[in-house]
Amino acid sequence: MPPKVSLKKLARKGGLFDGVKSNIHALAIGVKYLVDPQRSTLLYPKEYIEHRPGYRGFIVFVKEKCISCAACSRICPSAAMKMVRVTEIDPKHPDKPRQKQYPVINYQRCIFCGFCVDVCPTEALYHVPFHDIVYENLADMFMTLEQFQVEPQRPAVSEGLPVVYEVDEGKGLVKRRRG
Amino acid sequence: MTSGGLEAGAQRIPGVTVKKIEKEVYEIFIGPQHPGSGHMRIIVRLDGDIIVEADPDIGYVHRTMEKLSEVREWLKPIPLLERMTIIDACNVTLPYVNALEKLMDKTPSTRASYLRVLLCEINRVASHLYGMGIFGVFIGHSTMYMWAFGDREVFVELAEVLTGARLTHTYPIPGGVRRDMPQDLPEMARRTVRYMRGRLEEYRKIFVDNPVIVKRLAGVGVISKSRAIELGVVGPNLRASGVKYDVRIAEPYEVYGELDFEIPVFEEGDALARTWVRVEEIKQSLNIIEQAVNWLETHKGEPVIAKEDFDKLPKLHKEVYEKEGRVKLVPAHATMKIPAGKAVARGEMGRGEIFYYVESDGGTTPYRVRVVTPSARNAIVFKHIVPGHTLMDLPAIYGSIDYFPPESDR
Amino acid sequence: MSLESLAEEVKKVLGGFAKEVAWRKGYLEVLVETANVVEAAEKLKSIGLDHVKSVTAVDYPKESKIRVTYHASSYSREDLMGVIVGLSVDLPRDNPEMPSLISVWDGSVEFQEREVYEFFGVSFKGHPDLRPLLLIQELAEKKVLRKDFIVKEESIYEGVPFKYD
Amino acid sequence: MVLDLILYIIAYPPLWQVLILGFAGSLAIAMVAIWFERKAAARVQRRIGPYWASPALGGFLNIIADMVRYVLQQLIIPGTVDRLVFYFAPIAAFTISILPVIFIPLSPKPEFWPVATMDYSLLIALALSTLPPLLVIAAGWSSNNKFAVIGSMRESYVITAYELVAVVSILSASASLLTFNLVYIVEAQQPFKWLAILNPIAFLAAILAVLMSTSAFPFEIPESEHEVVAGPFTEYSGALYAFNMGGAYVRRFVYALLIALVFLGGWAPYVPGPGPITGYIIPSLIVVFKAVIVVLFISFLRAVYGRYRLDQALGAAWRLAIPLAIIGFGWSLFLAYIGVFH
Amino acid sequence: MAGEPIDKVYVGNINVSARRARDLLLGKLKLGEVVDWATTFSLWPVHLLTSCCGAEFAATWSPRFDAEQYGALPWISPRQTNFIIIEGTITRKMACALRITYEQMPLPKFVIAMGACALDGGLFYNSYNIVKPWEVVPIDVYIPGCPPPPEGLARAILQIRKSIREKKLASKWLIEGWRPDKKYVTPKDDVCKWWRP
């Protein structure tokens, strides 16, 4: 059935009865939630959200899979992914050092769009499913090649317990502890 | 307030020209640091408590997207333009992608179209809830803000499950979308829809029918039908004034022509009618979400990008798609060229119609991207509708228009 | 309304003004002379194209022109809602000047003409309030959306603070 | 002899009652009111509210943290203000807000509350409680800030609208009881002849007046942040702002005390006995409890209502509340005529 | 006290008295720690929306994440707040507003830069209308992401709390007049100098 336009009329209410009734409605619903708030607030450091595997969080680099094609850094919309040239020892020819280029990431700019992960032809990049790391210095946010290969530690893990959120028909989002 | 010894015309703070104020007109600056301004400034001149002149001074969030689109490759403007309205991310990028598809003569697969529509409607509900929340806090109703934002989180969660990001989904790409739907999404979406329908009734009780709110909104900021047309107002604000216009029926894009929903139109044109349009639109969007997930559940098998693109994908890419439902891009996406031409595409965002003009000269970057967002077209309302109201009506009008400065400033 | 009949209707109502009528992807582009633009706009408005969606300017430095297009459409005629007509004028690049269409299309072009003014330096004669809208004055003078204002992209090797060699 | 005088002054009951119960008590109750306002709003809004400062106390220490932070923050005095009034107004407003407590008896026994047993206590308390808004206006005016001036203008509009309502509706008790003495007013309501039950119209008008005078929702107009930032207090920072904010809550509590005595029967149905415990502590706790209920109800309204427009609020005062107050006054005259209380 | 003239006790040398009072307050009564504790639980951000990360800023105060649990309450006027959250891009127009707002806030004050745009421009790194916020105001904590999720903002609030308690930022700044980590931006004559391209 195709969409259609429907003209609606606003029910303009007036009169003392309606006024009193809607006041009572508003107060009653306030009291209802005052008594039973049905809340699902995340008590953050004590609890943290365990995101699904597909969540686009910080990015980790697997050097072994990289073929130095630079597709990730070409597609990066904010020029956060840069290539560095590295001279390293080729395992097949230990005597002949080879030139390769690897990506490094600048979290000052990264927008976590996931283009680099999606464009990588060998799956050398992957997301870790969290996003809550903060820095006190700008310089720390430019990952070196070594830092880029290490999965970052989520600070909340040592402080709290994981929870997941589920949709409930009556209460909206409800949080459920894992384990 | 006198200017304390500054000569007329002196400029100590840029943009603020100190000048002698004419008799009995009181000039106040609402914004940019003001609880009731958002990211903009409204220069208001008051005569007593009546606003005689309002001059919106926008551009505080002008991030030069039109220029930057011209220097970046075709795919990169998608995340870039998304930042105009991150609360409505799919709706804002979809017409750009549509314009690219028009230029490339590419048709997305039907499954991708349904996924786009699904995300668009999730975004639309989230965007309306955002607008109603901000509106609530503007007229002093903090509970509405909290409830709307709390329930918006349900839709944000839904979008996060679908795309992997809370707000900036970067979901549609030319030819399709970036991910397929997870298995448990339809059930989750249906639960969300049922929950939200119940909540709308409670919203009505505490906010939309609340006598204080009704008194505050009824008859405020009336935009008559003819005035709305002259000013080129868009979206719910237009439909609250009795104009039966919605891009989804005027020029159906994606699969909107096949879905069953209504476009609610009210005739009063005041702030209350605009609020009601949003509430009714949320109901219709919930219907669409339901239809979309039902379709997606029953029609499996088709890839979420155009068939010809999918066949060309390497083996690893197909494996990843089978396993995770994630469409991997090919390096050609970074350097693709698009045939020369001019294309126009439009779509209906939560706040109204968005318009894209994309011109290609056959190169790797767009030649010109012109985007006119709903908020940019609604900004005119401040200048022409606000004068004549009292100062306390300004937040009510601002909130009811659902003006979002980053979207307007681009 | 079918697209051919729209083109016919637009041609008929514009009479001799239309220098060129062409279908682009998604809209009908009508090119007119700068001198006739107000009359042409009035005629388009008379068939129901009652508002402007976008005032688009494109800079063509090679041809030394700036093309300003008013993408008009309709809210009042249901058969016209689905189509967009672009009323274009070509302006010289060194001193672009054209009459403002605010007298025809009112508020729907007011802010957008200000935008074109600040980004391209096109001055609209008869606009009541022609000053920069989004930009500060110093930037507006640079006419930032013209092609000769260059924004540099970084290369993929630039800006790395450490070296591996 | 001097020592005796000093001892007398220190031991003079009204002084320490005002100092300890008035000042510290009002402050404590203001803090409880702020805490409840935040927590109740948070509950209605389905969230936690202040929490981590003291999870066991439901985040109550957070209010103390806010207070300490305000008091010890840098105090900014803008160069363009009228200094004397800028300093003086909030402090005076806070002090005068507390003053009515002297004349509000929490106990009928003169040995515990000597001043309040005077025959005009209701009149004096009412008169004093209408003073602080003038100082709020002065505070706004001295700030030399456009938003502050608009805010204090609004405050002045609101004062003229609600003052008559407050005075007429609360004095309707005197009309039916033929006295201005708060102790007699309370005693006449023993045990359940509360004026809120016998004269609900005046009670409603009084509640409306309290809402308007303390700029509680839905009449939070002078400080309506989305037009006039913080209203009269826009330029205030640090301790002076804390005085302003505390003053508003103290004023709300003082009004609530008055309402508790006049309409909710004070310590009724309890009959105070002899001795400090039965004669003083229990009745005052009952009164404070009733007043806290009123304060908490007012705080709860924040979660349910938005705010009225200025003209609507004034219209509500002139068209609705003043007729209500006058009808309530007439009804209480009728009550006096038929002799309910005698 | 016996034998001393009474005026000496109460008046004495004002400098000595002041120092004694300070020693008492800071040493015995540990006022500094009280200030630090109070500041950590009373970080009230000012209403300065600078860009689209404001959407996540708003979500952080929404029921699901509820940053009020940390004692942070968005408040109205800069005079009554001590905390700025820079929500994304700072444009040339907004830089001036940001600096003026910062200058108007009472000490001690703290700043969080939220989102890629507030760090190095993010997507808009080569835009002609962008100012880097760290050139405008001193920034305590940076949050990566575009936009950072509410958990990120909550983490930043925790981080700033931690550094206030550990480095005694608030008390040193307030009582001794300097900040231990020396994060200042020297005030410029023209607060809006960078405003001009």
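The letters A, B, C, D and E name the chains in turn, as written, and every chain counts its residues from 1.
Going forward, a contact is a pair of C-beta atoms (placed from the backbone, for glycine too) under 8 Å apart; a residue touches a chain by one contact, two chains touch by 3 or more.
No experiment lies behind these values; they were computed from the predicted model shown.
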Co-neighbours of chain C and chain B - touch as defined: A, E
Relative to chain D, chain with the most remote C-alpha centre: C
Most centrally placed chain - per-chain CA mean versus overall CA mean: B
CA centroid of chain B to CA centroid of chain D, Å: 45
Rounded Å distance between chain C and chain D, as computed from the means of their C-alpha atoms: 62
Between chain B and chain E, centroid-to-centroid distance (C-alpha), Å: 33
Whole-Å gap between the CA centroids of chain A and chain B: 21
Chain E, residues touching no fewer than two other chains: 62-64, 66, 69, 76, 93, 123, 125-129, 146, 149, 195-196
Residues of chain D engaged with two or more neighbouring chains: 42, 44-48, 51, 225, 229, 303-305
Per-residue overlap in chain B, given as positions that touch at least 2 other chains: 14-15, 34-35, 59, 62, 64, 67-68, 71-72, 79-80, 143, 146-147, 150, 153, 168, 206, 210, 244
Touching pairs among all chains present in the structure: A-B, A-C, A-D, A-E, B-C, B-D, B-E, C-E, D-E
Partner chain D, residues of chain A touching it in the complex: 26-27, 29-30, 33-34, 37-41, 43
Contact set on chain C toward chain E in their complex: 135-136, 138-139, 142, 144, 149, 151-154
Residue ranges of chain B in contact with chain D within the complex: 1, 4, 26, 28, 30, 34-36, 49, 136-144, 146-147, 150, 206, 210, 212-213, 215-216, 390-395
Residue ranges of chain D in contact with chain E within the complex: 38, 42, 45-53, 59, 61-62, 64-70, 72-76, 225, 229-230, 233-238, 241
Touching residues (chain side chain E, partner chain A) in the complex: 63-66, 69, 116, 119-123, 125, 134, 140-146, 148-149, 151-152, 154-156, 158-159, 163
